[in-house]
Amino acid sequence: GSSGGGNGTSNGSGGSGSKGGKMIALLLPDTTSSARYETQDKPDFEKEVKALDPSITVDYENAQGSDSTQQQQAEAAITNGAQVLVIDPVDSQSAATIVNEANQAGVKVISYDRMIENAKVDYYVSFDNEEVGKLQGEYIAQHTPKGGTVVMIDGAQTDNNALQFAQGAHAVLDPLFKSGQLRKGYESYTPNWDPSNGQREMEAALTKLNNKVNAVLAANDGLAGAVIQALAAQGLAGKVPVTGQDATDAGLHDIMQGTQSMTVYKAVPKEAKLAAELAVDIVDNKPIPSSLVNTKVNNGAEDVPAALLQPVVVTKQNIQSTVIKDGFTTMQKIEHPSS
Amino acid sequence: MSPATQTHHDTAEPAPRPLLQVEHIRKRFGAVQALQDVSLEVYPGEVVALVGDNGAGKSTTIKMISGVETPDEGRILVEGREVHLTSPAVAEQLGIQTVYQDLALCDNLDIVSNLFLGRELHRTLIPGVIKSIRKAEMEERAIPILKELGINLPPLSTQVASLSGGQRQTVAVARAVLWGSKLVLLDEPTAALGVTQTKAVLDLILRLAEKGVGVLVISHNMSDVFQVADRIVVLRLGKTVANLTAKETRLDEVVAAITGSAEEVLTGK
Amino acid sequence: MSMQLREGKQQQQGGLAGVWRDRIAAGELGLLPVMLALVVIWIIFQSVNSHFLSGRNMSNLILQIAEIGMLGIGETFILLLGEIDLSIAAVSGVAAAVLVLMSGAHVNPWLCILAAVVVGAVIGVFQGFWVTIIGVPAFIVTLAGSLGYQGILLAFLGNTGTVPIFNQTLLNIAASYVPGWLGWALVVVAVAGYAAGLIGIQQGRRKRNLSAMSARSMTWRLVLLGVVSVVVVGALNSYRGVPVAGLILLVFVVLFAYITQATVFGRHIYAVGGNKEAARRAGINIRSIRVIVFTLSGVMGAIGGIIGASRLGSASPASGGGDLLLDSIAAAVIGGTSLFGGRGSVWNALAGALVIGSVENGMDLLSAPSSTKYIVEGGILLIAVTIDTMTRNRRKVVGR
Amino acid sequence: MSPATQTHHDTAEPAPRPLLQVEHIRKRFGAVQALQDVSLEVYPGEVVALVGDNGAGKSTTIKMISGVETPDEGRILVEGREVHLTSPAVAEQLGIQTVYQDLALCDNLDIVSNLFLGRELHRTLIPGVIKSIRKAEMEERAIPILKELGINLPPLSTQVASLSGGQRQTVAVARAVLWGSKLVLLDEPTAALGVTQTKAVLDLILRLAEKGVGVLVISHNMSDVFQVADRIVVLRLGKTVANLTAKETRLDEVVAAITGSAEEVLTGK
Amino acid sequence: MSMQLREGKQQQQGGLAGVWRDRIAAGELGLLPVMLALVVIWIIFQSVNSHFLSGRNMSNLILQIAEIGMLGIGETFILLLGEIDLSIAAVSGVAAAVLVLMSGAHVNPWLCILAAVVVGAVIGVFQGFWVTIIGVPAFIVTLAGSLGYQGILLAFLGNTGTVPIFNQTLLNIAASYVPGWLGWALVVVAVAGYAAGLIGIQQGRRKRNLSAMSARSMTWRLVLLGVVSVVVVGALNSYRGVPVAGLILLVFVVLFAYITQATVFGRHIYAVGGNKEAARRAGINIRSIRVIVFTLSGVMGAIGGIIGASRLGSASPASGGGDLLLDSIAAAVIGGTSLFGGRGSVWNALAGALVIGSVENGMDLLSAPSSTKYIVEGGILLIAVTIDTMTRNRRKVVGR
């Protein structure tokens, strides 16, 4: 049927009735590298859009880690009549094709969380990925005794973000490795960001270094969990700083336990809210307030108007003033991550 | 209409109940009507030969009785009761054992395992769950039966994949002999056998019949047929065209019935 | 005595209805059950989302299945032999990498394509050699290969990440459309060509006194082809025309269907898949057949990779990963190609790719939550093949 | 040591060169010594029967000559030249065609395709690349040959998987007859055949020999053997134990040689 | 005439050397070639990194292969039937999710385990039913299933992400070790038990006048078992002792090896895998065999998932994903189990899991770049199976 939009439901069934109605498509990359997409980005974004303009439907798609799936989903969204695509690209480069298709169809694109390179993107809303790696690196630099040995468990080499995280971390740590202030004992990328691969890598590192490990840079909370598991087997959990990313409940739980030291909190609710405001303004043909867009980022094709948020380091000390205060999660959920 | 009742059991003494009655079965495979109208009977202790040209439907008939295929029409009765042979397991439970023309052995198993397949001697360790195979006993029991069939065999732990044609056939026959309690169906059981082995199998057939087992045997070898059969049922183009008492029939009559060159003579008989 | 080749007689007996009854009984339904499943899937999606059957979405669907279709064809060849190729997706990734890297170095686009195809062929020869001459199971050779090629891909692109394509020729493979009039002309050519072929063959058979198809049956087939192609081209022309990538896929399907069904080489593939030893004893060089088929699979992997890269406008370390492998094997199997060799056809791969593509496309249109999508996709897949299995139920008894 | 030279060619007229010479071949499969010492010869236009008990090594011998297996020791000569039959393709190129005991057909292909397998009639579209099959011609050529074998067959486009035992055998025999230009090896070619079909095949064998083709036929049916064979070679436990001229030999002598009950008599002969 | 069961005679003829010669000629080498490949792999890694054969690393290795090993056993059962299970990894993910969620709700840990296993069993029954009764190819049923279970996993964990395990009992499955003395005691029990079994069987055979193993041959086997187990336990005891999870795996392998080799049910699995139709004609209820085997596979998937979750201390939407599926199938196939049914053994799965695990572990120790890792893993896999293939080369002629 083509009964027109406006039923305001934000779930999938809205898709069919939205011909000619107002629609925003939210295209997220996967469900496995991090829990954030399903637990944070999607509900926050949908909630915000509904609050701003209930007549807009949100068409949500998750590409399950495949860039060609994401392309299919973008095509479906355009076919369904979306006026704005909010894309967190699986792949920053290949998503340029999606932007081209969108441009041809007169659909606006907001590059969300990860930049889409070399394409005419309308807006960019994100945190800075290299900055994430830098924060992790700096934490390690500050919390490892002089001459200490560092293990780096990086993300999947097939994920551009992982490369950027690693770049950021190396930007901080490489000078220290060079000067001999710290020693790099082991480093490995982790296929698929798969924690069980990460656990194996950490075990190898511990075996190889005979447990003389003074700090572990784990690229995200999933890997941090695996690292902690391997450390625990050697009675080292809690004695060695371990980094993370995403401020997942499981990660925060480990931080409360003292087994993980920090996580990089990317205030997703804020990010989602920003993106939602932008998208709604575009759909409703409202002018974009300059307060929203605070900078420009070059993506190879042009300077994209951007709203950049600062990632924040969360430790046991500031957990209350950051993730809890933002309503990102609750103490209840952190203590019982399964609820 | 068919002369099916005209057997040598049709005498003064009270006719025993037939072990097997096949009544007007039909079977179609795609475009081919394999069986048009097949009827036959086997009495306890009787050896019935099923003969006919290639493609006449003999093997298909046997497969109906052994539960491998199900007829499109017609009935099959065992000891007077209609049965629905929906799978070979059903036929086995009725005491029907079969040697198939293509032998149907598990190439990846050894001789003993094939002989006892589906009827392994075992010791129940956990009732209904774990039954441990009694390998040595099985081997022990297999030896005399194989010996009786008079064949050279490689070690009994040899996979049947590597057996010669006759050796394979012997395994299949031994299997049927071991387990056939009521009715044994043999589809060209001596086709691949040497002179001595053929004789051994024919002897075995007679001995089975003496024990009261009904035997239905397919063969193209008329001398074998006349050696063992009490009755000869002839199939042509999927129809039973003759049902003859062996002792009262001459070879050329059977051949004529098979080839159809003298149909009138026989049905008029 | 009399040899009765029952053919002629029997086929005339029942007339058209009789032939169909026999076919259904024998399970010789070819593509019909899958097509039936496909139609059901389409009706369901269309009733839930009216965009589904729009020209635009059909156009998207065709582009979306182009890569899987190509890989499915390659996999079909392998499955017909009774082997399996677990590397075809990884090969497509490596070919894509070769393509983009060479194109990035400003090599002529046709040379880039050639190079990518050659890489696929070389990999295929290597695998075919190992399977055939050394005798290692294809499962292992191609699994090991798949790991190796993923490594190569990472060595190529691991440090640069995604490499975009700038060359317009390469981008156009998946981005251009056949003009409307040309689409119609192709319909005419296709129907006329099919008619000519059909009539030629049947006349030849009649001349030799062999059983031949009735004029009515021939007319039916032509009408069916005509109607389907008019509808499809009409729908696609309502958007931008027939996508060139779709046309390329179709050409490959027709070409390889011809090769498998009507050439000596194709016959030998079926023979090897049906009974390797019998084929060998018939004097067929089963080694060369197998090496060639593995090579073909490598080439089809590469061609799929090229189309995929063109569509995505880039290649990345993730190219050829994800569900691509299982999807391509599934495309072949859903269509009815047996995993045990000797049964199936290239058309099956196209039908299977359409089923998979339609399900994914339809679920995307509905924008259901990920968990629902997975569950529904699994369910539809199962039901589609169940329909297929049930309608050709009797096949089981006849075959294997 | 063996009486291999004692054939009916051993006369005054200049002996033609043997088509096939098998000299002292041996073959071992794992623990089983299948062939210990086998020697035989076939001359052009001659029908040689290879007989022996089940498991004597007849099929193994034939497989050596057709290139399916390779001997561990010993030589095979074709037309006087030693050949290395490393694959059946090599044997085919030498003009050797074989009907195997297990028939070796492709179940998934139809009758015509099996008849022409590896030798399809074709039209070369792109030399060395695309050879288009001439289906109608193949069918046309198949019909008379099958007719000659006198068997009922379903439509020629039927998969051989659904054929009856005898029908399958007929297809295999027809194949060998179609292509055997020099030497035809037949491993129990009539085992599954009916009376008429058996006669047709025996006639065919004689006609092949008349055309100058050498025929080596394995059979357990002594009456068939005596009907067609010029010479009879007997295998026992993997050894050639007798090489007899058919016309000068009695049935019981052959049986004795097969079973070994009168070994001395024969070798002493 | 005389039936010559050549067995006894022939085996004595050549003595032990003769037996071996015959076995090598016949390709009946069992696990030996894989073990050979494994030893080569170990020597190479040890020479590159001296930690490789340390007790600690061996202990890690054992824990690392526990999950793949369990899944490999399940897959072996399926492959013996001539089927394939593409869902076993996804099942392990769902079972892990059930486990952690129930444990998070403070359910008794043993109940959690039971629930996870039951879920695996139910899935297995469902799949077995669909394959057997409806007749849809296992490839499709389990592929569709795999999608569906991924969906279920997401429905369970999509909103929470990673869920840690707090219950110590559950964590201990993969984190505890058998005390040193108990390890030694187990060696004694194992060797003594094997000796008792072997002697019992051979005496039974002698009593019945059947061919039996020579005393020398028996001694050799016992010595081999003794030496290997002393070395392994010694090495493990030099670290923390035998890992409990490894022991569980071993118990499963021994139990299922017994079931497949020595029970009626096991024999019937081989029969169905070797010739389905012959098994059916022998009156075997092939339907129930297949349903049971699929159920077993589901159960093994679940057990693997439980061990995996215990080891990782959590479950997440990524559980059961990645390379786990292909790794488990590969474990079975590398060990020598045929994809075509009827050939192989549960021991093969253990050997295969050790090969895969050793390669991954070794590469991790070297902390090579991902590209190198993939390439070397592929290469070693290929070479390992090539060694296996070449040493049992004659098998090809004998089999299939």
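Some notes on this structure:
Order of writing sets the labels: A, B, C, D and E. Residues in every chain begin at 1.
Operating definition for what follows: contacts are C-beta pairs under 8 Å (C-beta built on N, C-alpha and C of every residue); 3 or more make two chains touch, one makes a residue touch a chain.
It should be emphasised that the depicted structure is a prediction, and the values quoted were computed from it without experimental measurement.
Traced through touching neighbours, the fewest hops from chain A to chain B number 2. Centroid distances from chain E, each centroid being the mean of CA atoms, peak for D. Centre-to-centre, using mean CA coordinates, chain A is 74 Å away from chain D.
One finds 30 Å separating the Cα centroids of chain B and chain D.
We define each chain's centre as the mean of its Cα atoms; on that basis chain C and chain D are separated by 43 Å.
Shared contact sites, meaning residues of chain B that touch two or more other chains, fall at 29-32, 151-155, 162, 196, 259.
For chain C, residues touching at least two other chains, in rising order: 1, 6, 10-11, 154, 158, 277, 369-370, 372, 398. Counting partner chains per residue, chain A shows two or more touched chains at residues 31, 38, 157. Interface residues of chain E facing chain C in the complex, by the touch rule stated above, are 84, 86, 130, 134-137, 139-141, 143-155, 158, 276-277, 326, 329-330, 333-334, 338-340, 369-379, 381-382, 385-386, 389-390, 393, 396, 400.
For chain D in complex with chain B, the touching residues are 29-32, 52-56, 58-60, 101-102, 151-155, 158, 162-167, 170, 188, 191-198, 220-222, 237, 255, 258-259. On the side of chain A, the complex with chain C involves touching residues 1-2, 11-16, 19, 25, 31, 38, 59-62, 64-69, 71-73, 75-77, 79-81, 90-94, 96-97, 100, 117-118, 157-160, 163.
Those residues of chain C that touch chain D in the shared complex are 1-7, 10-11, 201, 204-205, 208-211, 259, 262-265, 267-268, 270-271, 273-275, 277-285, 342-343, 398-399. By the touch criterion stated above, chain C contacts chain A in their complex at residues 48-51, 54, 56-57, 60, 64, 67, 154, 158, 161-164, 308, 311-318, 321-324, 360-361, 364-370, 372.
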